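Scrolling down, you'll hit the structures one after another.
What follows is chain A paired twice: with chain B in the first complex and chain C in the second.
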Partner chain A sequence: MSFIPISLIIWLIEDLLYLIIFPGLVTILVLVIVIIWLERKIAAKVQMRFGPLWVSKKIGGALQSLADLLRYSFQEVIIPEKADRLAFILAPGLMFAFATIALIFIPVGPYYSVLFPSYYTILFSLALIIITPIFAITVGWASDNKFSFIGALREGFLLISYEVPFLLSVVSMIIIFRTYDYISAVQSQLNFLPGIILNPLAALVMLIVMIRTTGRFPFDITEADSELVLGLFTEYSALFFGVGMATPYVELYNFSLIFSLLFLGGWWPLNINVMNPVYGLFLPGLVVVIKAFIVMAILVFLRAVYPRYRLDQAVRSGWSYVLLLSILSVILSVVEVMFLR
Partner chain B sequence: MNEVRKPRDPVTGHVKALAKGFKYLVEPNRMTLDYPAETMKLPPNYRGFFTVDDKKCIGCSMCEMVCPPEAITMVPRIIGEGGKTLPAPEGEKEAKGPKRTKRPVVNWGKCIFCYFCVDVCPVDAFIPTQVHDLAFEKDNEYRPSYEEYLKPPEEPYKNAKKVVSKADLKRGVGYEPAP
Partner chain C sequence: MSEKIFNIDDLQNINVEGEKYIILQIGPSHPGSGHMRIKVWLDGDIIVKVDPDIGFVHRTSEWLSERREWIKAIPIVERIMLPDTVHANLAYVLTVEKLLSIEPPPRAQYLRSLVAEINRITSHLYGIGIFGIFLGSSTVYMWAFGDREPFIDLMEMLTGARITTSYIIPGGVRWDMPNGFKERAETVLQYMERRLKDYEDIWVKNPVVQARTINVGVLKKEDAISLGVVGPNLRASGVYYDTRKHQPYAAYPNLDFEIPTMKNGDSYDRLLIRVEEIKQSIRMIRQILKDLPEGKIVADQIYNQLNPVMKKNYEEKKRVMFPAFMIHMRPPPGEATAKVEAGRGEIFFYIKSTGDKYPYRFRWVTPSFRNLPFFTHVAVGHRLADLPTIYGSIDYFPPEADR
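Showing the complex of A and B:
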């Protein structure tokens, strides 16, 4: 073993810790369980109901999502006869995988890097996040079910009408911070002002796109349960269904992390220059994850308030208001960079 | 004319809706009955599960005739001592012969709880209860035999808090503890 440098082993162990514990898989699992419970509870409170309650009544039914997860894991897997078997089995897993892999390139601390440090983390993470809806469309195609197919078509329509504003809003932040890297973006926010004050238009567009991409309420069009049974995942059962239902929440987590890094100043109250596993990773990571959790909570609150847009309304507002706002945000960024700095 | 209706004000409506939702989040106004923990205090004539008094029944089959969903069937019985009945020998479908009589059995899968049988009974042999929330786990549990049918139904949530509904002009429907 002496020919392997000890720093390499430490490096690998650190990477594994990042991936598994913080901000990786364990945090994702806990956050997804908590946020699903919170979503149901908030909607129930606003709509004069109790929400999940009888599984662990003392803590308000918080273990309900965990019980659901257990139920999904032991259910029978049913694959329709005419479904495209390979795509049917692989697509939800790949969807979940790409949503999770994007986390590698979203740093939650000033010294965070998995596998290799990169100066293009924004671009990498966006590229990985944008791949995910393709598998959603694959799911709709593979199921051989008209509801899933209509859901996939709707997903496609919405995808192309909200992808451009999303990228433009991120581009406007790239213009302001003059970097492709989250860490230096956060550093420049720490030195000056948080991004949401520098460019509120981009923040608004980003929020709208987050709601759209993760299927939160006004844009709950792809899985509209009163029209399409369950949209894309109508034919799915057991753990495949559970994974498919959890993927939007993982995406929500990714987007909220990106939002808190680009607009809310990342680990803002802390300004850390010490390379230390606790101060360098854990504390700033905790701050970022808490910020992301607050953003997630605000977005799931929308379920209690909004009805569902029609597809044409959503597509129209995507190509009109939201695109206009995103173009204005780019112009705002250019103006700020030219005159303020 | 293919008019496209445009939203009049893209901002105010959203802000109002969000404010209203937040208000309800902070001050929840629950209308739901927390069912197994609280149960409604029922009115005196509430029609629940019912059983039959073996001694009172005269086996006249009026209840079977009047039953709208045909949930009641009459089973043959042998008159025993003290007015009680004993099961008839197996395979006997009709009550013919010495000391034979009939008794009603209700199929709870068919019963609609209309209480026509209770009303029509000439000797008031049916014993009504207010128990209405029984669940049957297996298929043959809601088709009891006569002996099973004679046992009075047990209320499932005896320790539940009794509440009564209360209408309020401001708040809407709610529940308060029963007097």
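Showing the complex of A and C:
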């Protein structure tokens, strides 16, 4: 055993802890459960209801989502006869997996580096996030259901219309920070100003794209229940359905983390140079996750306020206002870089 | 925002055979259909043809009523129009009263109008709520159904039942107004006026709602008349017609109220008109509570039939027990019709009596049935996402149309 350096073992254990506990799978699971509960509670508060209540009554029904997850786990799996079985079974899992893997490249502290240190984390995370909707389209195609298929087509239309503004808004932040790395982007915000003040247009575009991509209202178009039953997941049951329903929340978590890293100053007000797992990762990570949670809570609140847009309206605004805003945000960034520094 | 892509006239006689079009079977078990199958032909995202397949909840109300004593038709017609029970009840009773030549006393007339207007508010709130969930706003859905409750409680206080009241009987009403009802009603009305402002903020003036509904499902004035549309949908197209004004019944001749009309006839106007009618109903309820005349709540013909125990009950509890006359009622031979402006439009009743203990012919036309043709007419040329918008805005209730 002596030929394996002890540092390598520690490195591996640390990586596993990151991936499984914080900010990895366990954190995601807890946050998704909490945010679904919070969404239902906020909506209920607005709508003169109680919301989840009877499961764990003392803590306001907080375990309701967990109970739902358990119920999904023990339901019968029904696969339609004419469905493409392989795609039908794999697609939701892959969707969830890619949404989760993207998290590897989203550092929550200066000490964070999973698998390998990289200076291109922004690009890697974006690439992985952009893969997810492809599996959403696969889900709709594999189900052999007209409603799912229309949902998939809608997802495709919206994906194309909002991808460009999304990338442009990130590009404008890359121009300002002059880096492809989240950690140095946060460091430059700590030294100067948070990104939302430097480029509010990019922040606005990013918020709109977050709402769209994760299917929050008023862009709940692919799952429009009065038109498409449940959109993509009409034919799904059991755990596949649960995974499919949880994926948008994982995406929401990813996007909120990116938003707090790029625009809300990351782990500001903490400014730590100590490089160890507690001070370099856990504390700043906690700050980032809390910021992301607040962003998520604001976005899920929109459910109580807005109905949904029509597909053509959403696509049109994606190619007009939002694209225009994102181009303006790039121009703003260039101007700032030329004149402020 | 949305301009029609095709000309409607070209699409009326379109050939939908072949594989060019997607055929969607929306319903009968679909969150956006109600108890009805809507068959939709789609060219891409554009609706080419809509075929509502009515009859899924047909309950043979006419057949049943022709084989029962006259009084037993009241619960049957009520159960057809669940959000709007009082109007079905009232329309039937008005027809029977014409056959029997009974005129109810003024107090009963006012009580009938009172409970009808309370019912109209609950019916409109039901419609607004369903429209809300069709557009994706669960908030308005919950609010509207929650705000129905105070009015349903009022109905329970007045009639003893929440929904299927069976309150109106030939010759009058069953119960008199209880003590404390006026104060309670005033509280509820003030609450509703406060809530209407909230509805305006979150629903009527919501930019997404306006983007979704304005210029969607436009029904022109001439089309509305020629298609035989009734009720709020007709008035939203700018036609000034309301049975309460034009052929008044109950206490409406004595009440001061307006008939709101809109101009464009789109889905947004059909939403606005319901809000306006709620305001008018509130105004009418206030007038009725102020002007309610004293006197009996049943006509003398009925009152004289009561036996001493029933009369004692009437004097003490102000409740009418059914005399034997009600069960063995045999209206003289003849025909009678009646019209009532229900929440969704005009109910038309035709009954033929042969002097038997059952009606010989029992025929009624409900507003939802008359509003359906225009749904197939205006939906053509819109996008699939507009189908629930239009369908929700016409406030269609499938059991009511199927009868």
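Keep this in mind: the second predicted complex is superposed on the first by the 341 of 341 C-alpha atoms of A that agree within 3 Å, B and C clash if a C-alpha of one lies under 4 Å from a C-alpha of the other, contacts with A are read in each partner's own complex, and residues count from 1 in each chain.
Going forward, contacts are C-beta pairs under 8 Å (C-beta built on N, C-alpha and C of every residue); 3 or more make two chains touch, one makes a residue touch a chain.
These numbers come from a predicted model, not from an experiment.
In the superposition on chain A, A:K45 makes contact with chain B only, not with chain C.
In the superposition on chain A, no contact is made by A:E336 with either chain B or chain C. By the document's definition of touching, of the two partners only chain C reaches A:R310; chain B does not. Once the two complexes are laid over each other on the shared chain, residue contacts for A:E14 go to neither chain B nor chain C. In the superposed model, A:D144 lies in contact with neither chain B nor chain C. After overlaying the two complexes on the shared chain, residue contacts for A:D68 are found with neither chain B nor chain C. Of the two partner chains, neither chain B nor chain C is touched by A:D84. Once chain A of one complex is fitted onto chain A of the other, the partner contacts of A:E163 are absent, as it touches neither chain B nor chain C. Taking chain A as the reference, the larger set of touched residues comes from C, when chain B and chain C are compared. In the superposition on the C-alpha atoms of chain A, the part of chain A touched by chain B in one complex and by chain C in the other spans residues 46, 48-49, 304-306. Listed in rising order, the residues of chain A touching chain B in the complex are 42, 45-46, 48-50, 53-54, 301, 304-306, 321. On chain C, the positions that touch chain A within their shared complex are 1-2, 22, 24, 30-32, 45, 132-140, 142-143, 146, 202, 206, 208-209, 211-212, 383-388, 392.
The touching residues of chain B, when paired with chain A in their complex, are 10, 17-18, 20-22, 24-25, 28-32, 34, 36, 172.
Remark: chain A residues 43, 46-49, 146-147, 150, 217-218, 220-221, 224-227, 229, 303-313 touch chain C in the complex.
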